[in-house]
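In the two complexes below, subunit A is the common chain; its partner is subunit B in one and subunit C in the other.
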Partner chain A sequence: MGLLSILRKLRSDHHKELRILLLGLDNAGKTTILKSLASEKIDQITPTQGFNVKCVNTPGFKLNVWDIGGQRRIRPYWRNYFENTDLLIYVIDSTDQKRFEETGVELRELLEDEKLSGVPLLIFANKQDLFNAAKASDIANLLKLHTLNGRTWQIQACSALKGEGVQDGIEWVMKTAGAKAKKK
Partner chain B sequence: MSKHLKVTFQCYVLINCIFWALLLVMRLKRFLLRYYPPGIILEYEQGGQVKTKSIDLLDLASTDDALSIAQNLSLKEPLITQTRIPQVQKLVTKLQEKIGSTGDRQFYLFKVLRAHILPLTNVAFNKSGSCFITGSYDRTCKVWDTASGEELQTLEGHRNVVYAIAFNNPYGNKVATGSFDKTCKLWNAETGQCYFTYRGHTSEIVCLSFNPQSTVIATGSMDATTKLWDVQSGQELSTLSGHSGEIICLSFNTHGDQVLTGSFDNTVCLWDVHTGQQTNTLIGHRGEIANAHFNFDCSLIATASMDRSCKLWDVRTGHCIATLRGHEDEVFDIGFNYTGQQIVSASADATARIYDAGTQKTIAVLEGHESEVSKVSFNPQGTHVLSGSADKSARIWDVNTGECMQVLEGHTDEIFSCVYNYEGDTILTGSKDNTCRIWR
Partner chain C sequence: MLQAGKKTLATFKHGPVTFLSLLYNIALIRSVIKWIIRMLTGTCQLQRILQKCESGTCTVKIEECLRRSKFQQLRRIVEVEPENLDAAVEQIMTIKQIVADTNPRFFTMLRTCLEQIHGYNKLFVEIEALRTEKYDCENEEHEKLLLKLWSLLQPDEPLTCRVSKQWGNIGFQGDDPKTDFRGMGILGLLNLVYFAEHYPEHAAKSLLHSMHPKYGYSYAIASINITSMSYELMCSGLLRSHFFNTVQGRPTTEHYHEAFCYLFYEFDKFWMKSEPENVMEFSRIRGEFMKTIQDLLAYLPTARLLMET
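Up next, the complex of A and B:
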């Protein structure tokens, strides 16, 4: 995927392709989710220093999924990728209780951005296979998701490592995006 | 008329004639050599103005007789008088020595530059190769010293990815940057000062170029237009509208009076730089255009397309001369060698192919990359091809045998850009791994 392919994915055809942004703090499991979606091996994942893009074919839609590195020093560059986003997936490490506040602040900031206004939001409460994982409903409360106005959202418990829950999330993506496409 | 008056009038006519003759007389000042492609530039004075004229020797072979070439040139070119023949012979010999050198060398990793905190986009050398620039997702463009690997300047100010970059070669004292923030900026390469921000595009800028005179910058955008900007005043000169899809590549011809634009609308358009009018449209590809170039004498255009083919076009008529087939997947890049006799293409099928521009036959298939090849170019000597791939390596190939001569390994993510310097003795690779590597 050279630079040219990236340009092509910038201007995805909204009737056939969905541009999905995968964001979240470092170590939340974004790249693992991306690989799991693309049915690739998930051993040897290292912190993403830039971004990964993969095309996922689903019935009816081609998903262009952009996984953007989550380290603090590169978070200011998330905005580079906001243009033409159809759906935002925000990934949370459900075991990293210490950083729930930090992840909440980052999410709020994202949702305030004009370019992402009205963009449907799916939250993956990842790492549910670990014993100390917080429940999805608790995370929803902590993040005060019920206070979100004018935005379709969903929280989905999952374990990218075990491949559990990811598909359920994607089905919601398809349903939501399908409804949006019809409206267009 | 009195005799006195008659003489005065005759004198006046005579002086006038001498004056006009002087204006028309061309006085040769000096010769300049151009190695790639081989040529001799004549610098001469006419009517008080210094002008240049280029004699292209694209077919020059190292075995040709230099004296007879010099004599031939003297017959055709009034500026080369009989007395100049020995001098021209020496210049031709010098060019032949350059041509004789194959550029054969073993490249080694000279420096790894942790250039940016996010992936690189494009890289470019100045003419002498003493400096180069890198663009990045971190919204900056950096100027580097090739010999020391030292960072000379960080050009900061764009609000999104810096994608397209260029030096105003051959001068190399200015840098233009095109960004996903929809603006183009012109910078002083030495101080890092921003001269102008060119605003007007309504989508990402993805390609740009200075004209050969470095007086105009052309920018191509995802908004389907190309804009021409004045380097001196910072003003927009014209908007080239006509494409129905994103502009993906653009290129000036050697004279700078024509510019071509390639688009995701499957066509290439030709434009008159002075009037901003569209002069021709090259229609025939069934997929998006990936890249397009003029050959050096501007008689041909080669295009690469997502329809898995390349095409060769006659610039004058706009007709397709030939379709270059063989690739089994999308073609991403294409280039002529400096003399325009060969064409190289790079494809998602993990190969590059070399074609003869005259016969349009395949000369060699370059096989070895393990993933798609996104960038390809000839070295200035035209003896080797450099390719960059998603398999994280760049490779050097022998044009005659098609054999891989060297694999430049070390990047930890795919290579987005790779270029030779003008001398062909240094290579630059820019990668998604946020680093840039110098090979020499």
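Up next, the complex of A and C:
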């Protein structure tokens, strides 16, 4: 290996791009998470018709985050964005008990898709600042996350509104992506 | 000096950047140029603006001129609304040594400008208050307004239940619209109701478009999104020229709703004309539409965002 290729390798490691998919039901808080990652104002958010995409620079990684609308009529389009995904972030509104089942069904369908096989999964149990929020561990049980085979996953309690927990989740994302890159 | 530089940048965003305007915006050169012109024409910049420009552009320029004045009293007149506008105009005339007898129209014109400037600022405060008022199911007024929207848009189909899948027919995301207003608060709902109430035919037409099998979109969600666009245009100050061109006195929330109706109706037309692949093209087409409107407001001095009737 020549010096030049070593240098090039070092450089490419530093600028590794990650394609991250942000999915979940409507009103889960995907856009709020996206905006808080990009350090933008979060008080003027409207429901996402279609999708938003933002590039977030973190130490060592360039994250291309795709936030796709969660409305039922948009969900059939989710598949169009699966290609080349490095990591899936699934956002759940922890106060929306009525739709836990619905969100579980959607998640399971995602995980069964071939294009997402082996893609690490981070679940944000969002809206923890509200008194009626379910605990992350309870949500993990409900979704039977322990039965997921052959997939790296993590559940992270957070409040995108207060900016709590989001960063912890992203650190996990980078750690996981870093480990995966080394394996390659 | 830094302060002045920042202001220059802010005013810059609204106009084409040319080398000359760059030079002009450097404070020192500006005052020299202004002094020379004053010597030559015997008029101050305020007078020249009022003589030359049409109503809307005139007010925008007067505001910028006063904001950049070297006299603190003049800057203050646009920053904080004076209790007595007549006295404020007289103060400006005294400072700038403008004689009322030789400039009979100056007083009334400048007074109108000041009224428009402060009318806009006050409107912005009112709009901001409506935007930050969250939709609240416990609030009877809010609930009434929501049900009114339903009966305006779907007069022939009664709502079976307050929480119902039917809301999806007019483009809300789930079975309860309360979570869809989000960052636009009650302002988003007020705009929807205003449009359906004052332009029932236009509203029905665009609602029908939104149900198009190929080019369909979510009507209510798109409308809330356009509310956000109108709010962005207010924040950036671009909507000023529209209000100054169309309202002689102080613009009211009603005038704001009118501008929204124009934006939403035009967006619907723009969307249909773009023949989008599917609803996932929303951000792209919204961006293109926004750019068109921004250019219109920035470069067309007579811009008016009014519904054709």
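Heads up, the rule we're going with is that the second predicted complex is superposed on the first by the 169 of 184 C-alpha atoms of A that agree within 3 Å, B and C clash if a C-alpha of one lies under 4 Å from a C-alpha of the other, contacts with A are read in each partner's own complex, and residues count from 1 in each chain.
As a convention for this text, contacts are C-beta pairs under 8 Å (C-beta built on N, C-alpha and C of every residue); 3 or more make two chains touch, one makes a residue touch a chain.
Here the structure is a predicted model, which is why all the values come from computation and not from measurement.
When both complexes are overlaid on chain A, the residue A:Ile74 reaches subunit B and subunit C alike. In the superposed model, A:Asn27 lies in contact with subunit C only, and not with subunit B. When both complexes are overlaid on chain A, the residue A:Gly118 reaches neither subunit B nor subunit C. Once the two complexes are laid over each other on the shared chain, residue contacts for A:Leu4 go to subunit B alone; subunit C is not touched.
In the superposed pair of complexes, A:Gly150 makes contact with neither subunit B nor subunit C. Of the two partner chains placed by superposition, A:Pro59 touches none, neither subunit B nor subunit C. In the superposition on chain A, A:Gly50 contacts both subunit B and subunit C. Shared contact residues of subunit A with subunit B and subunit C: 49-51, 73-74, 77, 80. On the subunit A side of its complex with subunit C, the touching residues are 26-27, 42-47, 49-52, 70-74, 77, 80. Contact residues on subunit B toward subunit A in their complex (touch as defined above): 117-119, 121-122, 137-139, 160-161, 163, 180, 204, 206, 222, 246, 248, 264, 288, 290, 332, 372, 374-375, 388, 390, 413-414, 416-417, 432-434. Subunit A contributes residues 1-5, 7-8, 10-11, 49-51, 69, 73-74, 77, 79-80, 83 to its touches with subunit B in the complex. Against subunit A, the residues of subunit C that register as touching in their complex are 131-132, 168, 173-174, 179-180, 182-184, 188, 217-218, 221-222, 224-225, 227-228, 231, 278-284.
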